[in-house]
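Presented sequentially are two complexes of chain A, the first with chain B as partner and the second with chain C.
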Partner chain A sequence: MFRNRKAKDALFTFAFPLAMFVLMELLCFFLKGRHLVGSLLDVKTLVRNTGISAIIAFALSFNLSCGRFDLSLGAQRLAGTIIGGMIAMELGLSGLWFLLFSFLCGLVFGFITGMVFVITRVPPMVLGVGIGLVWECVPYTMSKGKGLNLFGVHGTEILTDTVFTIAVMIVVAVFVSLIMNRTKFGYEMKAIQGSQLIARNSGINIFRHAVLCYMFAGGLVCVAGIIDAAFQTQMSSTMGLASNGVVVSNMFAMMLGGYIGERSNQATGVIVASLTLNLFSYGLTLMELSEANTSVVNQTVFVLFLVFLANRYYFRKRKAEKARIAQALEQRRIMSVA
Partner chain B sequence: MKKVLVVLIVSLLATSMLFAGGASEEKGAAQFKIGVATIHEGETWEIQKKYFNEEVGPALNMQFMFSEKLNDANGLVDFMDQAYAAGCVGIINFVTSNDAVAQGSRKAEEWGVWFVTQNSALNSNVAKITHNLGHCGASATGMGRAYGEAINDLVSDGKEHSIFIFSGAAVGGAIGQGAASHYYTVEGILNAMKEKYNLKYELGIDEIINNQNPGEVATGNPNVKIYIYPGTNVSSAITAAQTQLQNGPYDIFAAVFSYSSFSNAIADVEKSTGKNIKVLGTVSIEKQTSTGFSSMDSFGDSVLSAAVLNPLNIQNGMCAVILYNALTGHAEAMKANGHTILFKVEPWFCKDAKTYENISKLDNSHETYVLNGEDLKALCVENNPAITYKDIEAKLVELSNIDAIIEKRLK
Partner chain C sequence: MKCSEWCSKASASFRRFTEDRLFSRLLPVVFLLVLVCVFSIATGGRFTSAQSMKVIVQQALIVATVSTGACFIFATNNVNLAMGATTVLTAVLSGMAYNATNSVVVMVVVALLLGSVIMTVSALLSTLLRVRVMFVTIVMMSLLSAVQESILGGSTISLPYEMITMLTDMNFSYIAFGSFFIGCVILFHFTDVGRSLRFIGTNSTCAEQTGISRNKYMLIAFITAGVGCGIAALLAIVRAASIGSKTLSSLNMDCMLALVLGGMSIFGGSKSFAFAGVVGAVTVCVLNQGLLMVGVSSSIIQGIRGILFLILVCTAQTRPKGLPAPEG
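This part shows the complex of A and B:
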């Protein structure tokens, strides 16, 4: 019975990318006469995009699953990646150090954001907008508007290597999995996800927990940032919360990951969801849709998924409601006969 | 106690007024404060700011107030509000959309502030507004010519080549909706390919460029393929470029902007397929371009095979001169019978690393600026009453010859 359930859960988990692969493969084949994945380079592209997407989704999940939508996460990614990269470049260090410094800078920006949140108690979204605008100015000022330019910088090649991306993704997944499932932090998180008030009354320091969430999110999002910047050879220093687009676009992966993870665990769920969605967008690219049409398709699917999430127990609830009414009517009938 | 406080406040006010007076006396003649509403950021923009502050400002007695990167008409008008409040008497606008130019011109007219735009196409709807001084920008058709020259150079080996074009904001570029320079760049490439290989496009060139969907152009020659990817989302364009470059016969990659973002993707394709891909891009004089020409790909060729250079500081200098002439009471000399002019800056074609080595030495200091302080002063009506817009046009034609400039500035 147990083994059967495990197999069912595994089937459920991997059905998503498999179904998506089959769907996009059929569409690509019949509409464009080509395969979705035709070479090792396609696999590399998918792995890199999945890695970046999954790490951002992990970062998002720290705060979002506790009911806080941190709108400054994109700005933290921008600030941490650019400043961390600049420090590593100034010191003449190689690829891994870029990753480390970006991660550390992300932790710092996340920590400060978290501290400001617990001190001021400004609602997270409002605080996120304000502090995000501030964070965007920091790399802009420090780099004199230039952002981070890694074009021709030796030693950063490792950051674009597929094996390295997979290794980072695994490390992040193990880290998230461990702290969510094997630490006090993880248990506190589950309690807070249930009810912040009850968690606080039962002795959990929800503010310390919030600061840690902000910190981990900041660190992870910068890891994704530096991998992305290394491949694109640059990260522009944008203003006006434009930095948030990349993070928000990975909300779908986070939410789908949460859903898939119900039958496995969150780490597996997020990676599988990221892979599924990257197969989807890779297919759309091969089908030569315009940017506008791609965006429409992506967002429509996201909205449909949210509608599904909000109503997935609708029929079960309706059935239960009908049964309850039938039972009540039956009870009344019996009572009236008596 | 109250008396002491009053004495303190009075003395503080008196001191601050004294210092304020001293400061204005030190400044001498009042400077013209100019707002610069930019759409740029990064290294290229920093180089341009340096030119404004260190060369143009002292030469034309101007002080500049720079915006952050603006995206649209609303951003432009908001910045103009701030600039006007800060005492700006002129605006150099980089936001090129028709509505931005129209709204900006009308706002400028309302406030009596002079307004000049850096754009490659003229907005004729507002061409007769008094305070609108017209446009100065990269010659869109010149971009087409330069790209045509570049393509002819790249395909001169007599073999059949196919090209992937990242066309950026080319869609609608000819009618002021996208970027005119992007539009004419693609047009230049398509025309050059057509002439070289005697291609017969199924659709008109305008229709091909204005197609919002990425896709292959029907060329009538199965061995010469052209793929156009429109849009400004670089991440998506990289994925599309990578898949097309590896699956199609494309061996030339042309990007209207941000060519370096594609360099890793192209290197991956070269390694995976063993195909040597030539890269052609629009660049400016900056470190990144030097890196592009000096870095080698897996075939031992430079990462950037050829480039079309936009001499951005020429546009900046000319815009400042046009404003200066208007501010000194000679606005009419900068117009043709009251109608605004489109001043065209010809781009330079740089065919290899050796040529770029010389170009890179330009625009670094007073001695090497292509348009330096003396040149700017020589175009001011105040210094030479015979100057008209025709002299500015003639100067721009003179500056289109990169060999002559290198000869003049570097030797």
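This part shows the complex of A and C:
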């Protein structure tokens, strides 16, 4: 019975990318006469996009699963990646150090944002606007508007390696999985997800927990940032909260990952969801849909998924409610007869 | 009296003073006046010239219109990040409607209807379909921006000079904004709608148990905000005569800044007031124009705006004992 359930859960988890692959392969083949994955370059692109998307989704999940949406996460990614990269470049260090310095800078920016949040206690979305404006300004001023240019920088080739991207993704997934399932932090997270007030009254330090969430999110989003910057050989310094687009576009992966993860675990769920959505987007791109149109399709599917997520127990609840009313009426009838 | 006792009494009095409703309404006005004085002195009077003031008012009109509509949503303790995207998409489609029909009436009707319809969809998603407002607003922001990009591509929609001149000569912008603003103030402060929205913002559960339908009033709030977006789209067309992919790109951020700088309570409720958007919009434009005239670079202006935003949010709001509850 147990083994059967495990097999069912595994089937459910991997059915998403498999079904998406088959669907997009068929569409590509019949509409464009080509395969979804036809060359090594396609594999590399898919792995890179899935890795970046999954890491950002992990970062998002720290705050979003506690009901907070940090609007400054994109700005933290920008600031941490550019400043971390600039430090590593100034010191003449190699690729892994770029990753490490970006991660550390992300932790610092996340920590400061978290501290500001617990001190001011302004709603995260509102706070994110103010903090995001400031964080975007920092790398812009420090790099004099140039951003981070990694073109021809010795030692950064490792960051563009497909195996390295997979390795980083696995390390992040293991880290998130351990921290969520095997530590006090994860236990507190589950309590806060249930009710922040009850968690606080039962002795959980929700303020420390929030700062840690912001810190981890900042660190992870910068890891994704430096890998992305290495692939594109640069990261431009944007203003006007434009940096947030990358983070917002990965919210779907996080939400779908949470849903798939109900049958396995969150880490597997997020990776599988990222792969599924990247297969979808890649297929649409191969079918010559513009970036804007791909985004329209993606966001529309996301809206439909949110509607499904919010109402998936609707009929079950309604049935239970009807049964309860019927039972109450029956009880009343028996009592009136008696 | 011990020093610590004196400190705690002083801090309690300061807290009482800052939590006072009059303080939260007067602080933004005082802040605006101080800014005007400071920039006037720093620029040797150039800042208060008629030309400069005209530019500020014209810039502020669009932000003020969107912010005034957004007050209705803010009052219910919700945040809508899709206001900017709604306005731009409405401007694009109403501009296209004018080019197709050559009729100003059609353009106005399309703008007002489209703004309301987009906001109604957002409201229905969060009420009837029970998706959390936080998710609805983020997804709608991305979706509407993508639709706008998909329609425009890299092109720009230009409108005929004669039509723009005619509307400018008619003072269309001032009339449209004035009518909307007066309507909003009446609706928010002198009718049941405003009272109910503020009640929902203060305590949603209590409001529902008193017989106030949250869904109904959320729908009203979103539709009012949608009408604001429609009018703002028309004002943008009249001001720029063309709509491109970069038009009003900072509107969302300016709108949030305006509401906070205008003294709107970020937790909604009884401290909300409809003219916060106007005061805030003027403050945002004064700040932009003043800092530019003083010679501050645009990147630093953004940082200063962010810091001021945080300071004002913290000064004018009551700090909750716990962390803010999850949005939506």
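The criterion applied here is as follows: the second predicted complex is superposed on the first by the 324 of 338 C-alpha atoms of A that agree within 3 Å, B and C clash if a C-alpha of one lies under 4 Å from a C-alpha of the other, contacts with A are read in each partner's own complex, and residues count from 1 in each chain.
We take it that a residue touches a chain if its C-beta (ideal position, glycine included) is under 8 Å from a C-beta of that chain, and two chains touch if they have at least 3 such contacts.
As the structure is a computational prediction, the values presented were derived from the model and not from experiment.
Colleague: Give one of first, second, both or neither to describe whether A:202 is in contact with chain B, with chain C, with both, or with none.
Modeller: Neither partner.
Colleague: Given the superposition on chain A, which partner contacts more residues in chain A: chain B or chain C?
Modeller: Result: the larger residue contact count on chain A belongs to C.
Colleague: Contact-wise, after the overlay, does A:145 reach chain B, chain C, both or neither (first, second, both, neither)?
Modeller: In the superposed model, A:145 contacts both chain B and chain C.
Colleague: Does the superposition put A:236 against chain B (first), chain C (second), both, or neither?
Modeller: A:236: touches chain B, not chain C.
Colleague: With the two structures laid over each other on chain A, which partner does A:290 touch: chain B (first), chain C (second), both, or neither?
Modeller: After superposition on chain A, A:290 lies in contact with both partners, chain B and chain C.
Colleague: Using the superposition on chain A described above, determine whether A:181 touches chain B (first), chain C (second), both, or neither.
Modeller: In the superposition, A:181 contacts neither chain B nor chain C.
Colleague: On the A-aligned overlay, A:300 touches which partner chain: chain B = first, chain C = second, or both, or neither?
Modeller: Once the two structures are laid over each other on A, A:300 reaches chain C alone.
Colleague: Could you list which residues of chain A make contact with chain B in one structure and with chain C in the other?
Modeller: Looking at chain A, the two contact sets intersect at 140, 145, 239-240, 290-293.
Colleague: Name, in rising order, each residue of chain B that touches chain A in their complex.
Modeller: The touching residues are 41-43, 45-46, 68-69, 71, 212-215, 230-236, 238-240, 242-243, 246-247, 260-261, 263-265, 268-269, 272, 287-288, 291-292, 294-295, 303.
Colleague: List the residues on chain C that touch chain A in their complex, please.
Modeller: 79, 81, 125, 129-132, 134-136, 138-139, 141-143, 146-147, 149-150, 153, 249-250, 252-253, 256-257, 260, 266-267, 298-300, 302-303, 305-307, 309-310, 313-314, 317, 319-320, 322-328
Colleague: Chain C touches which residues of chain A in the complex?
Modeller: Residues in contact with chain C: 66-69, 71, 116-118, 120-127, 129-134, 136-138, 140-141, 145, 196-197, 200, 206-207, 210, 239-242, 245, 248-249, 251, 255, 290-293, 295-296, 299-300, 302-303, 306-307, 309-311.
Colleague: Within the complex, which stretch of chain A touches chain B?
Modeller: Residue list for chain A touching chain B: 34, 38-42, 44-45, 49, 140, 144-147, 149, 151-152, 160, 230-234, 236-240, 282, 285-286, 288-294.
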